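Both complexes below contain chain A, partnered by chain B and then by chain C.
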Partner chain A sequence: MTKKSRINNILLSIPIQAWLLVFTIVPLVMIFFYAFVEVSDEGVKFTINNIVNVISNDRYKSAFYDSLYYAFISTVVCFILGYPLAYVMTKMSNGARDLLMILLMLPMWMNILIRTYALKALIDEQSILSGFFKFIGLENGTLTNTTTAIIIGMVYNYLPFLVLPIYTSLLKIDYSLIEAARDLGAGGFVVFSKILLPLSLPGILSGITMVFVPSVTTFVIPQLLANKKWTVGSLIEYKFMHEAGAGAGVSADGSALSFLLMIIVIAMMSIVNLVDKENDAGGVV
Partner chain B sequence: MSEHIIDLYNITKSYGDTEVIKDLTLYIRKNEFLTLLGPSGCGKTTTLRIIGGFEQPDSGRIFFNNVDITDVPPHKRPINTVFQKYSLFPHMNIYENIAFGLRIKKMKEKEIKEKVARVLELVELSGFEKRMPHSLSGGQQQRIAIARAIVNEPEVLLLDEPLGALDLKLRKEMQYELKNLQKKTGITFVYVTHDQEEALTMSDTIIVMNHGVIQQIGKPTDIYNEPSNAFVAQFIGESNILSGVMKRDYLCEFANKEFQCEDKGFGEDEDVDVVVRPEDIKIVEPEKGMLQGEVLSTLFKGVHYEIIVEANGFKWKIHTTAYSKPGSKVGLSIDPYDIHIMRIPYNIMTGWMVEDNKVEIVDSVFDCNASGFEQDETVSVYILPQDIEIKEKDFETEMPGGTIKGEIVNVKDKGLDYEVIVKCSDTDFLVHTDRKMAIGTEVCLFIPKESIKIRKRVDTHDKDEMSVYEGGDFENDKEEQD
Partner chain C sequence: MKRRGRISKIIYRAYVALIMLFLYSPIAVLILFSFNAGESRGKFAGFSLRWYKDLMQRDALLGSFRNTLIVAAIASVVATLIGTYAAIVIHKMPSIMRNTTIKVANIPMLNAEIVTGIAFMLFFGAISVPLGFSTILIAHITFNVPYVILSVLPKLRQLNKSTYEAALDLGATPAMAFRKIILPDILPGIISGLLIAFTLSLDDFIISYFTAGAAFKTLSVEINTLTKRRIPLSVNALSTIIMIVVFVILVINNLRKRPNGNKALIKERSA
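Moving on, here comes the complex of A and B:
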């Protein structure tokens, strides 16, 4: 690379670097800072008390547990619904597939808040579905404030993010591989478990990540659909926006919670990446 | 005569409106190396896929050792396939690829290990167990694909242009190896290729196909020396193909001249195709030749010269080792046994009986002489190219019987007349006409009702009731090679 083009590259990347600095690096540093310091009259002091407080607090712990649980269940439900859907889409005629794709993507064109409010209106008391909810034995004829409501909300919002990467990776599988497997005596289940599943693994992993990470961190969905249930997301939102006083933007507990959540997400992603790499290296499945 | 391992009876197959296989009947004998040969789109790969179970025929039955397997899915057929693109499983190493079929049979690991080692030795790739497919060259991947198939000890191995992706030198080597492997294992090979040289080199039996119809079945030498029609002659090696008329037994007229020949048994004044190989025409002094003409061009081809001589309105292609000067006058001489006379092949297509004496072909209804069919019954329709009349654009004239519109997609000069291919919707009609027409011309075809021959389609489980191939060559060719 010549010196001139190197200077050009630096110049071109200045705007995005400034953006990242202001909106990613500074907030990250602030989170780290408030998670590990104690601000008092005597000044600023390093401490791990904030972290210890969060970990030893039962209410926070149960929020962590619930968040992971909801995210896990949503991811599993998304996979069970999404994988067959992605597979069927690879077999469809172009017209039918495009139609399905649009139906899947259409809700994504609207803001998540609007979508979730719409869902809330569907499952609330005196909604058009109330009669049905009463019929299946729900008190008050509402799903609001149930785990089911949260799962439905998450699946509804994040399903497309799982279907699309899996669909792409299934599409890349050479159909003659499936024929070769059938030729060698493989029935439907063996074709799925030995050929389709391992070969679409990269798509599955990125799909799972795309569902799990936003599910574990979301606060809009649990708050709107089940405001009596605490998740890490709604807890952090509460800490920063309400407890600390609007606009203060400073919360020791909130920062510590954010920090821990980030550690958990990074750990999850590392495991997923590890599986992905193993697969790339050609591990026998 | 060894027994049949696979029998196909009256197979038809269409994709949309395109009929890729038309009423195909053939058999494959145990332990033979059989090649399906033809240009792309002739239906050879579809035939192979029907045998493998990857395609279902629209009608007709397939038998394996006299058991009907038409409705048996591919994973339950005792047949294995080597695919065109090898199709090795990219996420498994060579050992796992080869062991795939054995694992499904729940074989013990020790036995699998032995079998994999043995089959790797057979394809000369011992020690490759731990390698991944992508780290292998094309030729090696091909051998693994073959190993993966034969490790299951199938009775029949299907090979779909397996050497197509290899370079010339490797292809020649693999041809030799495949032939050896077939002899060593005794597995029946069904091989698909468009490469006539490959077919001639390896096969015990060759089936030449075109437009979904068998053109000829025979040993490689028979196919080359005695092509049964103009298409085969053209496809296997180079040929001069002319239209001719059989005057009587042993006398044929073509290029406006009568020639002695060795063929008989044709009708008097029957239209025929005449085929003369370029190497069978001798260039002599003008006064000593049967035909006199002028050398148009001379091209050096390595072993021989390719000389084009125009004589009696036809451009003859001649292969000879002696040089002739372009522009010079020469005589041409052809020995009677080098003149091959062939019946003109029928256009074979699918029709539907609208009512008695009315058949629908490619969206048009034609008069015909056929009764006793059910309404809307699917039938096979046979029409000779010389019986079809071709009209240019002037479609308004009322023609009795029925017409169909189409476009000329190919024209070939055959001396006395022209052979044109007319595309009507998705169906090609072969038509003979006296007038030279341009490619792209829109035309109208008229078929007199006497020229439309209707045959019942057979779709029954009882193969004893089925009719045999009508051309007659099928049975004869097979007997000759025993």
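Moving on, here comes the complex of A and C:
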């Protein structure tokens, strides 16, 4: 490549860099800004009080704790349910596979609100299942407003996000490796832990991220299924859309919460990247 | 061995059936109650089409659905243009610059939706742009662009560079060479990027919620206002219609190009 064409290429990329700067970086900077300033009559002043307030507030702390807890449990449940499903899919005939793929993707085309509302209709009081809920000992015949409802809501909404990437990475595994291991006397568990698990790790990691991140940040699911429980997402939504005045309100607490949430997401991604890289370096293949 | 194979096949099928039961029983109930003659979500009072008739009279609901389609159509087309251009210039960048640009471009895809939504709301507030059609459109374009880049870039990497150079040597203008040589090769990536963008826009609630404002509502935002009260069963009717249309499209799409259709989408989403 000549020097001239290299400069040319960089010039051509300016519109894209400008686009990213204005619509990706600047909006995020706004969150940093409002998380770290105090706006008063005297003007704008840098402060860490907003963050300190949020961290030292018990209600916020328990919301953070609960959100992480719900997201963690949901991710684990999704993995336990989803990994075998992805594995089974690789064993099916092409036609069955295609059909399953459509069935997995179809709910993703329905809005999360509609999906969650459909689920709510099943677990609410006076629903088709309330007789069953009473039978297993739930007093009001409903799951609504319980932690279980939130977990079910998250698993129901995000399970396909975990299955599909794992399925893709399982498909790539050379089946002769598994046959060789079996011939050499390996049992099911050894095949799983020594071959399937490490070789599908990239898919597992991306699947886990795709369940964990929306679970830890959602406000729709807890609001619809358990409106008495606060999560970080529902707190942020409340701060910006209800407390600060509907629409375009500025909330110091809300910005600080969003900032901390972003840190959690970044931390999660970094861990995943780290594990992924290590795996690349010392992997079997 | 053969018997073991048969047993595990039965277990596999039962397992898949259980998961599908879990995923589809709420949807089945939703569809069933769209035909309810009564108003309850819990008691089925007989078959009727009253909620489908009711839907036809709900201008707010139908209008918001039209808004959703408009936003999804414009946002996905614009995002495809921007994303394809971006992929081409990113492909030609020196590697350090390329990696940083890709990282920044991916932020809206990886970040929590609520953070992206709040960031946009604060941003539009700070530059005093009232929330409405244009703000929701910009937000949708922005979160769609990385998915387009992601589906076009791999196609660019697979390109055979020498055919493009040969075309130039034979007297083609760069524009002509691009149209005749590069475009046909990267077109599948562009189309799958467009489809992903359209789907994501159609499905989005959180980012729309924070950037739509009071005047312009998409379907999901409108449904959210309805959840504050009791949702009428006409929403079930509308969802049923949407579901059936999507199902038919997916099946046709699948029959049309069996080998690669779905895999591309999954790869994109999982990457």
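Assume the second predicted complex is superposed on the first by the 256 of 285 C-alpha atoms of A that agree within 3 Å, B and C clash if a C-alpha of one lies under 4 Å from a C-alpha of the other, contacts with A are read in each partner's own complex, and residues count from 1 in each chain.
Methods note: contacts are C-beta pairs under 8 Å (C-beta built on N, C-alpha and C of every residue); 3 or more make two chains touch, one makes a residue touch a chain.
Keep in mind it's a predicted model, so treat the numbers as computed, not measured.
Aligning the shared chain A places chain B and chain C next to each other free of steric conflict.
Chain A has more of its residues touched by C than by the other of chain B and chain C. Using the contact criterion defined above for the overlaid structures, shared-chain residue A:Ala18 touches neither chain B nor chain C, since it reaches no partner. Once the two complexes are laid over each other on the shared chain, residue contacts for A:Ser176 go to chain B alone; chain C is not touched. In the superposed model, A:Ile48 makes contact with neither chain B nor chain C.
Residue contacts after overlaying the shared chain place A:Gly187 against chain B, while chain C stays out of touching range. Of the two partner chains, chain B is the only one that A:Leu199 touches; chain C does not reach it.
In the superposed model, A:Ile7 makes contact with neither chain B nor chain C. Look at A:Ala267: by the touch rule set out above, it reaches neither chain B nor chain C. With chain A fitted onto itself, chain B and chain C come no nearer than 7 Å, counting C-alpha atoms only.
Touching of chain A by both chain B and chain C, each in its own complex, is seen for no residue at all. By the touch criterion given at the top, residues 12, 15-16, 19-20, 22-27, 29-30, 33, 40-43, 82, 85-86, 89-90, 92-94, 97, 101, 104-105, 107-108, 110-116, 118-126, 130-131, 138, 141-142, 145, 199, 202-203, 205-206, 209-210, 213-214, 219-220, 223-224, 227, 231, 235, 239, 242-243, 246-247, 250-251, 254, 258, 262-263, 265-267, 269-271 of chain C touch chain A in their complex. Chain B meets chain A in the complex at residues 52, 54, 73-76, 79-81, 83-85, 87-93, 96, 100-101, 104-105, 132, 148-149, 152.
Only residues 6, 9-10, 12-13, 15-17, 19-20, 23-28, 30-31, 33-34, 81, 84-85, 88-89, 91-92, 94, 98, 100-115, 117-119, 121-122, 124-128, 130, 156, 159-161, 164-165, 167-169, 203, 206-207, 210, 213-214, 216-220, 224, 233, 236-237, 240-241, 246-250, 254-255, 258, 261-262, 265, 269 of chain A touch chain C when the two sit together in their complex.
Contact residues on chain A toward chain B in their complex (touch as defined above): 174, 176-177, 179-187, 190, 194-195, 198-199, 279, 282, 284-285.
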